[in-house]
């Protein structure tokens, strides 16, 4: 699907002109948006726009990383929009020239749709140019990163707060998932940050000083997002390491309980077992107080074991 | 709430002049402090001061990271003051121009209040300018970092010293909390350090050589705080890893005890169990010395097991 | 084996001319490919081509790392082609001069064969030069990296998805193998990326602006591959750490089960053992309700233990 | 306490002149050493020497990090001397100007005392200046680092060598202490190295080419110490990780022993327990060979278990 | 021991001339090699050669790190030769001037001996100068690193390949030793690489373009060795982490076996123990089918436990 808008030299907006009419003298600049284009439409990239084969290849083939490449007459941008649910990256390609901007993406994207709608009804087109359109697209894409990363951060703070009570195993599973999600969004956000830095430092992609503040604002957001991501990944390691320390402590206590019970009762049961044997001649069985003597020995042995553990510090609060 | 002070060209101080009077010719420079401002007061940022929309947006919206941004006629600073108890960051925004300084913050802050009081009663205003006010605010903010980080460090040294005795599990929990606290304050202190570096290297925000030493002193403190934070985070990892090593050693000892007791007594109890069976015909039961022979076998078996463990080094001091 | 092709000044291609004829005036440039050469052929590197002894040493001796070295009249490249199955690196050496390209490799390589075939039947040789040949070889080599790294990534995603069900131990073994594979391909791909960077920044190995985009495309792929490799290695650590957390959790549950059963039944069995002893005089045995009283005591003791564990939180869902 | 020495323009040394006499024309340069000064002496820093308030603040207040700061007419150095036993840092501050050096420290320090004694009796004062004194102090301070770090390294090598025999738990505790000690000395030595680098690169603190070799020698030592520290910290991690692997291996063996004994004898004891029951009618008890048949079954069962473990590889040497 | 050779201006070689004769006009350049020199010989470093005290100090005192230092008239190099068995570093110091090279080392070294022998019988001395001698020594030293690092790598590949079968504990011990060996050789090889880089970048130690390729070849080897070392250290971590994962998996299986056996048989043995008690009045004992009913209950209980474990997934293949 193609969406086309053009602005004339009189600052009038033309909605959905034909592609061919875009060569018209009267047109100051235009924006053509390719959304999930079919084969016919894709051909226009070379037949009408004469874009470089490498750039067209990047549009058509698998997920490229965010980047900026200069060609004769235009700059080519690859951006990643993030899907709020799956956190998958959706590629958005922009060709920005002095008097045109062409956006290309295989997915339907709210960021593009809302930017499109925004520019349909601007009051004063004299302050609008392809760079403004490009900035707005980038701005909206980066703005959608924030709820995503903040949700991840909120999830992590919930995990930390619920740590004391709650189902720890489930919390660790969630921590592992959060860590994976952070790694996933990091693969898009870090290159987007580096891309924005290149755009700001660029000598070839000229942005006026006045407009630079607006691009710098996007870069500023990307820096903050990068710091949040790294800080949160650090937090997931800490949660996981604390879980392992806690488990190792609990395991010790469980094993101590098992060992104390076994060490006290197994020898006592053995002694009882001896006197349960059926040998015809077992002298002690005939002693009148034999039973009580043996009970006394068992009690003494049991208590000795108990005090031995106590002396070794096994009952100290750890 | 607005607090306003102005200094005239005669170096006289005016306390709480009206906002409108600040345009007066006689005024050399002024300081307007917005503390938890209401909607009316917030409008002044654009209607009176004509600050850039992006800077105003930064003041009003969620926690920005510490940064410095240049605008026409003024520099815009975002700083983090740290709350001593929660360790949360409180944003303080400063607009510093050649003859004004505007501070903006949603929280009541001691650092701002004490700076305000300080500048109410300076003896000689000829040496005071917006830069001095800005420096003092930054200085007080950074000074409050020290007790916070030093308390964390002292807590950690206590944990290390109490390690041998004391409730280890509770100590590990505290170590984990300290590590989280360090991560928290790091998210404010590291960007504040980078900000101070930018201020010192700045060509646009001119500080005279004489005053640079005072800003450099703040930067010096931030470097030291950064080193303390990283060194202390390193220490928390070491404490946690040592705890895990120690637990693994103790667990081995517990398991060895359990295994020695079980390996010695379970076969002996089995033998006793055999001779407790009620088969009508069990030859050994009728032997006159059967009981003693079996007791002897049991003793021999028990001692063999004991020596076997000893030979395998299980009783060696580890 | 030697494969030779030459292009004349009239843009005609000569297939398999003799080595000696390459000095001919009419020849604009030539490509000589050494595939698994024998001793006689190897001598040509010095006797005919007069290549530097160090470069020849690099061709002949063990696996060199990817690099670029400048010599008088030509640049010497070492590249790694990766074998899809073993992931082993196969060295490919290129000598590229203004009017020749010599490729040298001990292994049969599809990348070289397909490039050879490509250049046998180009329509217009006026746009072809040694640099085009060199680029195509590099392009094909790097193109074969993608399926390799993507297969590894797909394998890893399968492991993650099958994690919940499935044979976890086998999955961890596979994770370990994947991590080793990533380390292996990393040893070739990272230096290839650095090499491509040097080629692009090179002042000595001149590539026209027009062609630079094609080399930059290869570099772009290598950057993406490097990021995929590092991100996937990060993922293998995460999978392994999660496995260890999960095991530690399961181990706790297993040990709790063992300890609860043992702590409840061992004392009860001991009591039963006492009353199984054969002492002639054991008062309780004669009580009419002795059996039921003891059964009652055992039940009470067993239930106490059960509730003690419950109070200590051992049955809480973790 | 103040120690003062001055050298006249005739290269004569004056020992313990008064502070006031230091302004004398005849004096070429002087050294004033403040050791644990009282309040009166401290005032001299401002009243006589007119040092900058920030530098004086650094002398008086808590431990500063090693650094170099330039002021009008002198450079201000903060250094750390290390205490051989506690490894604590002792601050030494130096003010070095063209014709004076003032050293300030709250602790008694051998490094200062031996430097003082050295300069009391130099034969030829014509080659001595404040820079020589400063160099000697730095040199002695850094020289005392070596025995400290080498002792730590020797301790670590002992731990490694005694690893096979010896009390492993105690060795791990020592490894943990060594790691903490390395972290402690690192906090002084790394900044001292960075300071020495700044001194060498400094354009403001001029050292003649001839003397630079002597400062470079100190820097060289600090580089080596830094490498030793990092290498040794790496070694402590390796020792600790190996200990954990070893424990995990031993734990497996202990558990296998326990499980084999339990799995073989518990079912056998149960069978013996069945035939120890007192039911009036238990057919097998009356079989003439019942006892031997059951003993045979038990033996078969026990051996089956044994072979099952063997087949599962439990007895393989791991 | 001193070995001396000199080359005259006529390109004649003099073997073992006296030290004093080296000042002779006729001599173009000379090489003096100090092998394990005695006190008299050591004095020559200052009395004859007038080398700088700091450089002489470096020769005489403990192991210096590899470095390059410039002095008036010569450059001073410290190199590390590695002992193939102990992997210890042996220091080799070189003083290289325009017309001399002095080598100094306390150990007998094959690298020096073979270089010495090589230069005794060169055919054409016109192409030989101190720099050639220095290069050859460096080349031979670095060449001996390769077998050392490759042996370590081969050892590691053996460990990986034997992992499935074989004595895992012994393999982990070997992995730990390999890791320690890598750390040891890294302490010499990394600084040697940085030294070689300095030599190549050096403006003071002039190497002609033609000869630079030969020094660059050594640097190239050192880069490859560094990459091998880091990659192999990474591999040792992976092997160790996999061992720990594997152990944790096996431990789980061992514990499951123990717990299943205990949970099934301990309650059954208890029940048998109840009916082994000797109370005079125990109703069930008199039931005609009491024995079979209890056997049935036990079977039912045992099977329930078995199915409970099965339902909980304990028998699933992990």
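Note that the chains take the letters A, B, C, D and E in the order they are written out, and that residue 1 is the start of every chain.
As a working rule, a residue touches a chain if its C-beta (ideal position, glycine included) is under 8 Å from a C-beta of that chain, and two chains touch if they have at least 3 such contacts.
Model, not experiment: these values are computed from the prediction.
With each centre defined as the average position of its C-alpha atoms, the distance from chain D to chain E rounds to 24 Å. Here the spacing of chain B and chain C, counted between their Cα centres, is 38 Å. For chain A, residues touching at least two other chains, in rising order: 244, 248, 251, 255, 258, 262, 266, 269, 273, 276-278, 282. Taken as a contact graph, with one node per protein chain and an edge wherever two chains touch, the assembly forms a single closed ring in which every chain touches exactly two others. Around the closed ring of chain contacts, the path that opens at chain A and continues to chain C reads A, C, E, D, B. Of all residues in chain A, those touching chain B in their complex are 160, 213-214, 216-217, 220, 223-224, 227, 231, 234-235, 238, 241-242, 244-246, 248-249, 251-252, 255-256, 258-259, 262-263, 266-267, 269-270, 273-274, 276-282, 317-318.
Only residues 52, 54, 64-65, 67, 69, 71, 167-169, 172-173, 176, 179-180, 183, 186-187, 191, 240, 243-244, 247-248, 250-251, 254-255, 257-258, 261-262, 265-266, 268-269, 272-273, 275-278, 282, 284-291, 294-295 of chain D touch chain B when the two sit together in their complex.
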